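Lettered A, B and C in written order, each chain numbered from 1.
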């Protein structure tokens, strides 16, 4: 197949730039995260569920006008213990209240507490953890403190704090945040330690990249995945904790509705009107599962190693 | 290495100390004292009788070490300037002259409705803390007991046969009769010479030693045929090795029937396991089941990564982690009681019926599986992608050989580190499971103590749980030095482990 | 040093592809090579040329996103590419074809004693009992130069230095008496002084244990020491292959000229070192013509249009360049290449003189 004319065999001047073209597939980190996250149908379904739940907890208390202190139907016997129907999707409880409203208001408080505690824990944890991981001198004494404090059982501290401070939303948020932020900080510190000395960061530094750019392009994307994982676990775990504490009689105050209080309060109805108990249990399970799975999927999508 | 272990132990003690002190400070300063009476039936019954109530209150405070308390009769007893009866008259001149002395010493002087005076003084928190720590270790010795009715007892230690005919070191004048003795079960050598005291419980289990509350058997008394040293025979549940000195003035006829000496204050043996025993029993079996299920499951998931088995496992793990434990416990409870007709609470069938244990153990086990599965899978996958596995494959080992001999061996190390913690923490019990099933274990103690405002108990539990926690981490670290020859524990400088 | 009798392994028309983020990367583009008994074949090339990937097809060690859509590897009457499962590969890996990897630090399991890592291979492939295996392992350890082998048998990898670990890795590879030993850049992670020892060791043991060596490296200096034949790879193809003297003293492909010119030992004091301009092409796209053309100072129009065939220079020397086509202009290799022999002799004698001082 060598029917090439002899002219083709003349030497050609070399094009200096031709070999410098880069041909690897274009890669944008955030685009890849987005794409990976939405790639599975199951993830989308879970996201929808999570968003619906949040939507309901935020808006139902506003629209319904449910008042947890003044129970409108408390003297109206015909409104009590109505089983779930089309009119009352969740039925009514022993005080004549529409369980739908009770549950979503409780959910709003529980979610609010959990998100707040997570926000505080994560912010404090990331800031402290990042500095802790970066600064060798801070690491020395911080580790000593950590070793002392970390061994105290978390539940114990929350209990004692709640005991000492009394019940209430902000006491609860405080108790949960105070015990969790150090763990988040340690976690972040470990991650920062790992990547701080990775060669690509050293190389960036040698090339004169500004610290801000290194943090933005090298460290942050790596940390995002880690932070999202941490958040996705914290929120459901705080909700669980609230349920747990309410069950034991500590937690939010007397007047404040919460999922935990509803569940523990309705335990006595399990035999006669089981829906009063199982519905809030189911709702709390749906909330925690959807938030957790959505968070996990996001964390997976944010991990560049899965972008193959 | 020894130096390292000592360093850890010292740090641990400091840790426990700091935590306990902080807890004590918080509780004793921030919680109003009167709350401890909320659930005390005696106090409640005294409603309306102000003087009796006040008296009861301050007597209790004194017994708990919160205050120094004197009543007019105590002041008059030590008053040398007149007769007791004259002093005891209401608003007597004698008492008026005594009161300023007490006020100078920091006492607050008040008057009962009856006109008699009383005075109290707060024991500074620092003193309370110091005496708490001093009392933690109590050593028994022949000079411990003073009995006005028995001034010439022949104090000392001697070796003699105990009631089983086995030689033991016994004592006259100590608090406990048997100082060192042998027992048929673990631990085979036991002692009463050293006791740990974490204070007395109040208001629940009023004035009982907290350690006893935790460690004594519960339930109905276990009576066996007993022949006492006097020859007296009866069915008795007394644990003869535990007999303490009883003041001669308080010895009664029953005591004299059974005992030839003053050591007649004996603990009773009951049928059900102690709180600690209960929680450990349930906890350890649940843990075993959890490991038996979760480790193979995690390994299976790792080797079938992204295939069907892995997906199902992931769904299970996500479910268990996300759902509030309480919800899961209730779900299991309702399934077990309605479908399998298992008892709905532990006390229904009691501690000696297997059926009481099935539900709590299974539920507890399942609650533990998710964490173990998650981490086992993660460790196995990490090992599977390492270079030495690549080399092992290149040298012709089969997938199975690589799996068992190489991957598993390395992955087990971090798993093993958490085993001591999981085992030891069964002592602290599973709070949720025990409250839902009303199991008389240590798990219920803490929330109950909080509801009852049982401050002593809360402090004691703090010290116990923190110590256990720290101990188990130390054991875990020591364990992995045995498994991983690379790890040489030294003063850790903060390297990433 | 090679007996050109019978080829023990014949690879023909191998194509290897990798699925990367929804694109297909063609790492090996139609490579054929014969391997002869007891010879040492060096495969040279820069990173990404495909040298490791190519040899991984012989042992089924390609990553999971890799595939071999075309080609045959005939070994002992069997096409190795027909083996689909691990059980089949087990009979080949270690026993017939053994591999040594680059990093001895991570090739050994850190928590298992060294001796055990050798004996497990002996017990598996030779079916010996543990005590027999231990004896043989200790002999092996002696052969590879581990002093005090008996005592060190029970030690752990972290108690060995890098060079010693690589010796153990060699011992493990040889424990099964393989017919082919693939050495994938075994000295790159080691000090220069240790490098020489390891290479010497591999060659000496070859006489004792009778195996064929495939030596993968990017270091031409090492090649000169070790190889009987050399195959030069570029962009997933073998572009020149021949006996080591032919490659070094009479290379025909401009890329080989570039490689040889770049040898730092040949640098003249005060003058800039030579380097090949540019970077290798992307293997995601189909390459038209000669892959080296954009960087080739001797490129012709046809290099950009048609892929050159393998031209025969001698019975043992082949090169894949249009410059060997009779219609091509006569081109003289750069001066560094044509004077290679003289310059090397100068450098060597200078070094020897230095050592004697």
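One rule holds for everything that comes next: a residue touches a chain if its C-beta (ideal position, glycine included) is under 8 Å from a C-beta of that chain, and two chains touch if they have at least 3 such contacts.
This one's a predicted model, so the numbers in the text were calculated from it and none came from an experiment.
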{"item": "Chain pair, most C-beta pairs within the contact cut-off", "value": "A-B"}
{"item": "Most widely separated chain from subunit B, with each centre as the mean of CA atoms", "value": "C"}
{"item": "Centroid distance [mean C-alpha coordinates] between subunit B and subunit A, Å", "value": "36"}
{"item": "Separation of mean Cα positions, subunit C and subunit A [Å, integer]", "value": "50"}
{"item": "Subunit B and subunit C: spacing of chain centres that average the CA atoms, whole Å", "value": "67"}
{"item": "Shared interface positions of subunit B, touching two or more other chains", "value": "none"}
{"item": "Complex contacts: residues of subunit C adjacent to subunit A", "value": "20-23, 65, 277-279, 281-282, 284-285, 294-306, 322, 325, 327-329, 331"}
{"item": "Residue ranges of subunit B in contact with subunit C within the complex", "value": "386-388, 390-399, 401, 405-406, 409-410, 413, 483-486"}
{"item": "Subunit C partner contacts - residues on subunit A that touch it in the complex", "value": "1-2, 4, 6-12, 14-16, 18-25, 27, 307-308"}
{"item": "Residue ranges of subunit C touching subunit B (in the complex, touch as defined)", "value": "59, 61, 86-87, 90-95, 98-99, 101, 103, 106-112, 120-121, 124-125, 156, 158, 169, 172-173, 176"}
{"item": "Interfacial residue positions of subunit B with respect to subunit A in the complex", "value": "11-12, 14-15, 18-19, 23, 26-27, 30-31, 318-319, 321-327, 330-331, 334, 425, 428, 431-432, 435, 446-447, 450-451, 458, 461-462, 465-466, 469-470, 473, 492-494, 496"}
